[in-house]
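Chain naming follows the written order as A, B and C, and within any one chain the residues start at number 1.
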Amino acid sequence: MPRTPVRDLVLDLDAFEGPFDLLLTLLLKEELAPREVDMAEIVVSFVERLAAREEVDLEACGEFLVLIAALLELKARGLFPEEAAELQELDPEEAAEELARRLAEYRRLKEAARWLAERLAGERDRWFRLGPAPLAPRPERRLAPQDPGRLAAALRGLAQPPPNLSLEHMALRFPPVSRFLERFRALLARRRRFDFDAEVGGLTRVEQAVAFLALLELRKAGEAALAQAAPFAPIRVSRPDEERTLAWTARSA
Amino acid sequence: MDRPLRLIAANPLDRLARTLEALLVVASQPLSVPELARAADDGEERVETALGLLRERYAEGRSGIVLERVAGGWAFRASREAAEACGRLFERPVERGLSQAALETLAIVAYLGPCSRPEIARIRGVAADSAVASLLERGLIAEAGREEAPGGAIRYRTTPLFERVFGLESLAELPRLDDLAEDAEGLRERLLEAAAARAS
Amino acid sequence: MDRPLRLIAANPLDRLARTLEALLVVASQPLSVPELARAADDGEERVETALGLLRERYAEGRSGIVLERVAGGWAFRASREAAEACGRLFERPVERGLSQAALETLAIVAYLGPCSRPEIARIRGVAADSAVASLLERGLIAEAGREEAPGGAIRYRTTPLFERVFGLESLAELPRLDDLAEDAEGLRERLLEAAAARAS
């Protein structure tokens, strides 16, 4: 069966041009913000690539789905960090709708920004004077009598702490991938293998997603081997020399 | 230029037109019809008529000075024909090096304004501080009060300079957001095409 | 105006004249002949000739725009005929109030005593440049030396005009803020704390 290695998928996006695995590396190293990447374009490229093949490469499809889902979650969280908690309160359907609504809003505003950029380019040959004319009279400004109470009110406003300052969005910021890289490296230094699900069990979904990306990074760098008895079964992480050929092996990220 | 106003010199409209020329050549920003009428001490309708005359006279191709309707008023600018010469002598400090982040922030303020930094950050998904600072410094946005709550964040709106730089008569000239979002449809088509190619 | 340049339309001098019109209407300072020649990419002599044409065209009594030779070169100005109208344009109506930005900045300077721009910016959470510039222009604040450190920033204080506008005999008559702090130093700390909380 001809393989369609996901990592070789060559992308040509606005923000990035090159193979998929380089894109992943840049995202993981936080050298590229997920919001800069057009995920839909990636999906379209992948589907086009599949369309060009004789057979469906199920393994590649599975790998791709896992990766794109993780990236989408990363991107969604990045777009709405402070609302992630609210979204979790909603039932999945409502949350999906809300997320879709906000993504559409962001997308429309990106379009608006593009329109402004084009407009600006079209107006490049329109020149006008900024500031006063060389020989214009100098304007004089006069102010009606003012109430000193407004000064006191302005200062009172500035002395107010912000309303119910919530640090929630700080907590919801993405933990850096590096944190999990270090943690997993340390674990593997102490133990020959560990169970990923047990290790991240107590974490939030966002942290789990980042932890998973860290795992893929370790696998790619050859620092860890991953094994899973069946789809959705616990993922076992081991030192690279411990790799066993089990039913489903996550290949390179 | 080729429509000598002298023919109507007996008509005081000619004098009004000259007054408007004078006002427009010294003004530092576009002047609205009421502003022109008040300064010229004349009626708004007559001002409109005189502006019509001047618009023909100061038209692209006829004169190096062009009268345009922009940012809710009227203003002189250089003709497009002279753009190259202007580029050799002047700079464009307002729009030079406007970043993608600044453009997105500008779009948000233009469409949703007045809005605050936290609101902009929520929509863009990243802090908007440096983009807001750069737009403020360029004079494309300005403060527009604070959010209602005590200690509320400062809100921003776009300025007349924004409309002038982008050549807009008013914010109403911005295209509707719905008209811009054709992308989803295009995307769907490409997916369908890919599927059809696969099936064949 | 009554010497239609169209008669010499075949002559590129007409085009040069239009280019000069464009340059002069965009300039915020008088332009010298060498500057005009460089921008128009033409010879200085031809520029002088074209300026001669324009000077006739934009002459007192013929047009509201008058081309004038001044110390630094050439510039457009408003005709004397329109002086009264220009006076009305620049004589601003008495302003009823100050913007929130100006009010906050003024309150900080009035209550805390001489403050620098960076200090005002820290308390307000936004750059203070334009608010300070506008208050300076209005004469409500004035420079009051520099901060102690070498290269220290300029500090500002309120002016006698400020006291007049706010109906105060002296700064001691400002409404008391005892509930916030006992003295200016305490107030400063309180404001900086609130600003730090807002910024987090």
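The working rule: a contact is a pair of C-beta atoms (placed from the backbone, for glycine too) under 8 Å apart; a residue touches a chain by one contact, two chains touch by 3 or more.
Since this is a predicted model, take the numbers as computed values, not measurements.
Engineer: By mean C-alpha coordinates, which chain is most distant from chain C?
Structural biologist: A
Engineer: Please list the single chain whose C-alpha centre lies closest to the global protein C-alpha centre.
Structural biologist: B
Engineer: Averaging only over C-alpha atoms, locate the centres of chain A and chain B and give their separation in whole Å.
Structural biologist: Here chain A and chain B have centroids separated by 34 Å.
Engineer: So, what's the distance in Å between the C-alpha centres of chain C and chain A?
Structural biologist: 44
Engineer: Approximately how many whole Å separate the CA-defined centres of chain B and chain C?
Structural biologist: So the centre of chain B lies 20 Å away from the centre of chain C.
Engineer: Of all residues in chain A, which are in touch with two or more distinct other chains?
Structural biologist: 127-133, 135-137, 157, 160-162, in rising order.
Engineer: Give me the residues of chain B that touch two or more other chains.
Structural biologist: In chain B, the residues touching two or more other chains are 25-27, 76-78, 82, 86, 90, 146, 151, 153.
Engineer: Can you list the residues on chain C that touch chain B in the complex?
Structural biologist: Listed in rising order, the residues are 1-2, 4-6, 15, 17-23, 25-27, 31, 35, 38-41, 63-65, 76-79, 81-82, 84-86, 88-89, 99-101, 125-127, 129-130, 194, 198.
Engineer: Enumerate the contact residues on chain C facing chain A in the complex.
Structural biologist: 22, 25-30, 68, 70, 75-78, 86-87, 90-92, 94-98, 100, 103-104, 106-108, 110-111, 123-124, 137-138, 140, 165-168, 173-175, 177, 180, 187, 190-191, 193-195, 197-198, 200
Engineer: Hey, which residues of chain A end up touching chain C in the complex?
Structural biologist: Residues of chain A touching chain C: 127-152, 154-162, 165, 167.
Engineer: Quick check on the complex: what are the chain A residues that touch chain B?
Structural biologist: Within the complex, chain A touches chain B at residues 33, 35, 40, 43-44, 47-48, 50-52, 78-83, 104-117, 119-120, 122-133, 135-137, 157, 160-163.
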